[in-house]
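We just call them A, B, C and D in the order they show up, numbering each chain from 1.
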Amino acid sequence: MTAPAQNPAPLTGVVPPLVTPLTPEYDVDTASLVRLIQYQLAGGVDGVFVLGTSGEGTFLTDEQRQVVLETTVAEVAGQVPVLAGVIDTSTGRVASHVSAALKAGVDALVATAPFYAATHPAEIERHFVRLKSLAGDTAIYAYDIPSRVGTKLSASLMLSLGEQGVIAGVKDSSGQETSLRQLVISRRERGLRDFAVMTGSEVTVDSSLAFGVDGVVPGLGNVDPAGYVRLFKTAVAGDAAAAREEQDRLFRLFEIIEVADRSRMGASSSALGAFKAGLYVLGVIDCPVTAYPCIPLSDTEIDAIRPLLDRAGLH
Amino acid sequence: MTAPAQNPAPLTGVVPPLVTPLTPEYDVDTASLVRLIQYQLAGGVDGVFVLGTSGEGTFLTDEQRQVVLETTVAEVAGQVPVLAGVIDTSTGRVASHVSAALKAGVDALVATAPFYAATHPAEIERHFVRLKSLAGDTAIYAYDIPSRVGTKLSASLMLSLGEQGVIAGVKDSSGQETSLRQLVISRRERGLRDFAVMTGSEVTVDSSLAFGVDGVVPGLGNVDPAGYVRLFKTAVAGDAAAAREEQDRLFRLFEIIEVADRSRMGASSSALGAFKAGLYVLGVIDCPVTAYPCIPLSDTEIDAIRPLLDRAGLH
Amino acid sequence: MTAPAQNPAPLTGVVPPLVTPLTPEYDVDTASLVRLIQYQLAGGVDGVFVLGTSGEGTFLTDEQRQVVLETTVAEVAGQVPVLAGVIDTSTGRVASHVSAALKAGVDALVATAPFYAATHPAEIERHFVRLKSLAGDTAIYAYDIPSRVGTKLSASLMLSLGEQGVIAGVKDSSGQETSLRQLVISRRERGLRDFAVMTGSEVTVDSSLAFGVDGVVPGLGNVDPAGYVRLFKTAVAGDAAAAREEQDRLFRLFEIIEVADRSRMGASSSALGAFKAGLYVLGVIDCPVTAYPCIPLSDTEIDAIRPLLDRAGLH
Amino acid sequence: MTAPAQNPAPLTGVVPPLVTPLTPEYDVDTASLVRLIQYQLAGGVDGVFVLGTSGEGTFLTDEQRQVVLETTVAEVAGQVPVLAGVIDTSTGRVASHVSAALKAGVDALVATAPFYAATHPAEIERHFVRLKSLAGDTAIYAYDIPSRVGTKLSASLMLSLGEQGVIAGVKDSSGQETSLRQLVISRRERGLRDFAVMTGSEVTVDSSLAFGVDGVVPGLGNVDPAGYVRLFKTAVAGDAAAAREEQDRLFRLFEIIEVADRSRMGASSSALGAFKAGLYVLGVIDCPVTAYPCIPLSDTEIDAIRPLLDRAGLH
């Protein structure tokens, strides 16, 4: 394992938020996780992000989180950066995850604002400042996902924290293109060159790259890492037509998240269940189950995902 | 400490959700917690609920939670039931808190639906069923607080879980009087005598008791436990006028949560900060600070709470 | 028709928001409207409110609104006050409805804040002040229905407008019992004796009357006016047990709004469709259709309402 | 005035939603409206849209709407298409506006779903079908603005109505880039060549054009029509860098809507007030007042808009 660099290059490119493969008994399936990591590296990704929302981090116990961290750091072995989600309700609880992740040797941390109890921007600032004091030289990225956290991180707060050296960038999963663009424009105006802006959207990547975002953290990248890498490369090469074609193909592949019957499971279950089902059908992981108490896709639903993979050229 | 009864009487009366007193260094202030418990018992409460939303349970580390549990169980010493919040994002993480709370000897557990990732009612049912399998004879109450969890627990699901023996009742902090009444009416129709329905509202207690709710879990009860006990007693004695008068007095006392400047702190900070400031002014706790990263009330704001306590007859 | 009194007594009691009976061709069915009014008067109501949300006022053309106004004023003939909804998007458009309603001879007006474009409280104040300048001696009630309008009317704004003589009271359909109680407590503290506070809830009437609300504007009162009159009379007589029993019966009758299949129609269609279906089954109106483009209840759904009426003692 | 063509070319390009200039007495200021139209035509716009949200259509009386329609049709004189908003709460009320707009000789109509009372997609379909039966050969565009209407129009419903010949396209002001892209991709898959998709966003135009949207309806286009025309032309010419630069300039110009003090006026007032203030400062219109009861920008706020216009190169 490579030690984290003191001044790592800013994050860029394709950094999929890895799902956490589980056994039928809901243990972490490390053999499947190793195959998933190899599948990602073979696809050409620029980093991996574990224990995020797609990684079902908030569903796992501390022990399970640790297994994921250690397995990933060992398997990636410094080939690309490993980012670790340290998502929890409050500063104190996140701090415990920070310690564990640092001990496991990850390259960067990804933290949301506190949740359950809503906090004010001034309190969110205190939250990140405290976390940075614990993380030392390891980069912290702010994770903006208001649908889960209940709070939108403003561009001005994020860039202020960037200027203070508290955070190294933002993963934007807000789905708000306007605020994302505000972030990019303000970053340029403030001259914050090393502040990374990554989009968490699966379906607006070509647009976001065109207006200046640095990379993408797509849940669907679990299933098709090579597709997102092609999308990224064509976009940064200025071939807008090829990027759009790739994005449109991935847009349609993303329809796998609508296969499951939402009258019997939650939105998280149907989306993550689809990613896992896709990986299961492709032979990457052994079991498509999502974390307890999530209801898994039925065999019929898993079968319905096959033709959508085929249509997208995945076999 | 008294061992939890196998078939405890259904929950009823006034069960305040205790705040967690902290030192200026953000450690649990056990001396203040002991005084708070004595203040509650002297006020005549029917139980105490620790590590709930008012208890800032989601802000505390596992170690801090344990201190609160052990201090409370020791100090209450079986005089009234001790309920413990086991609030966390998922079944697996809640399960750890269940183990810890059982070990500390609490009398009952209070759990929300999973949060951060939204779950379907069928998944919430699995969640509570699993928790009950871990809790054994110890009662579990469902905690319905959609403003924090993002999901409303339906009356039909709650009562179905009650009929299965999975939960012993509900603490309703939904603020939705209609659904609370639905719960009470349906409970009667289904003949679920031992299923407790408690309201988490500070300000509609007389109404809720009049239509059949069993008791109240008021955050403001931290500051004025005796007032809520009077309210409860007059209401169940059928003296609606006296109950209303007491409720109206407490309604106005509740204005303490509006004293803090919301342009510089969150809603949680201003409400819990006001409860703690009230207890500080009354000499019950030593320090009014809320959990990190929450911004505390200023001295001026604390001073502004004094006349509101005076008006309510609290000195 | 009786001329509106200069200083009418404050509104109180049961004032159902009448549905607007339509023919199968979507014309106003005046014969059915006349029978509905007689049904209400026979039930003992204290007033009628036409062209409100239950009256589908926003679905009707100006000409249809006028037919409703004139038919109602003529049929009621001064026996009880006639309140008219003047609900529209802006001050200017509401002003036209005010003129039409005054010309028709109604006794009071009911207006919401502007909607479609959201307005600030200071703008809402200007709105009501202008309307009052047009209405002269005719009372204006503010209609607080944030689910439709998108804005909550605060207690402080409403009472300030009451003190200025701009509005004569509020119809609260916010479903927020806490703010309703705030209104009642603040009204008393300010000594605003003649300011009427009416609840628009069908299912919390006994509670609201117990804490000081003056009356109720229940959509379900279309179907069972006599029931609400009994509820009101027992509540104001201080017989809380009888009031609760009546309220619980009406709570269950209100389940008629859940009969229709919500996967094929909107919430408004299923609720108003149920009220109309109830009146149709009871022989009061000739056709249960709701306003275009709302989808009506099927024959099967209408049949499913019969046993619920029977259970409530309505034949 | 040119008669509307039977088979007009699909809508494309820049079609600003014109504000409605008012006098200090809140009458329509036709002289200013004429100058605004000339300013737009000089800027090279491809059409104008009156009585939309920016046009404060829902604030105006029927008489005022008619003045706007007739003035615009006369002044435009067939040089570009005139689109007219027919925004109202229900099918019946919209129908009256359709008749008035057809009589005035507009080229196309723009209608939302019903609002105030929420409707089901099946009811929204009936709404548009009825409107089309009244509009005859005149095109109807669906206006998707869930922030005002409370309902999102789905891509599948819109395209189904397109296939039926009911609507000629959509103006998307949902702010949801994913659903907008879904619309574009599904349109292509269904082979719906003549179905226009226009974005109502001011700040994501280059992106939207890049993935296949046909044009833009920007409120900010009131102030800088030539800028949006340049943006459109560079984008369709494939010069992504120039388009992005123009978009970024307009993004910053859009900051004029944040100048007004939101603690004393609504969001609509501050945005439309800024557009009008910009036009007033540029000498296009005589008075910057917004419709009653909206609170206008102060002189200080108007002055604060000048440097933002200057920075954008507008004098």
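Observations on the structure shown:
One rule holds in what follows: a residue touches a chain if its C-beta (ideal position, glycine included) is under 8 Å from a C-beta of that chain, and two chains touch if they have at least 3 such contacts.
Chain identities (UniProt): A, B, C, D = Dihydrodipicolinate synthase family protein.
These figures come from a predicted structure and were not determined experimentally.
Between C-D and B-C, more C-beta contact pairs join the chains of C-D.
We define each chain's centre as the mean of its Cα atoms; on that basis subunit B and subunit D are separated by 50 Å.
Separating the CA-averaged centres of subunit B and subunit C is a span of 37 Å. Multi-chain contact residues of subunit C, defined as those touching 2 or more other chains: none present. The touch graph of these protein chains is a ring, one cycle where each chain has exactly two neighbours. By the touch criterion given at the top, residues 26, 53, 56, 58-62, 64, 87-93, 95-96, 114-120, 122-124, 126-127, 130, 148-150, 264-269, 291-295 of subunit D touch subunit C in their complex. Note for the complex: subunit C touches subunit B at residues 175-178, 181-182, 185, 201, 203-204, 206-208, 210-211, 238, 240, 244, 247-248, 251-252.
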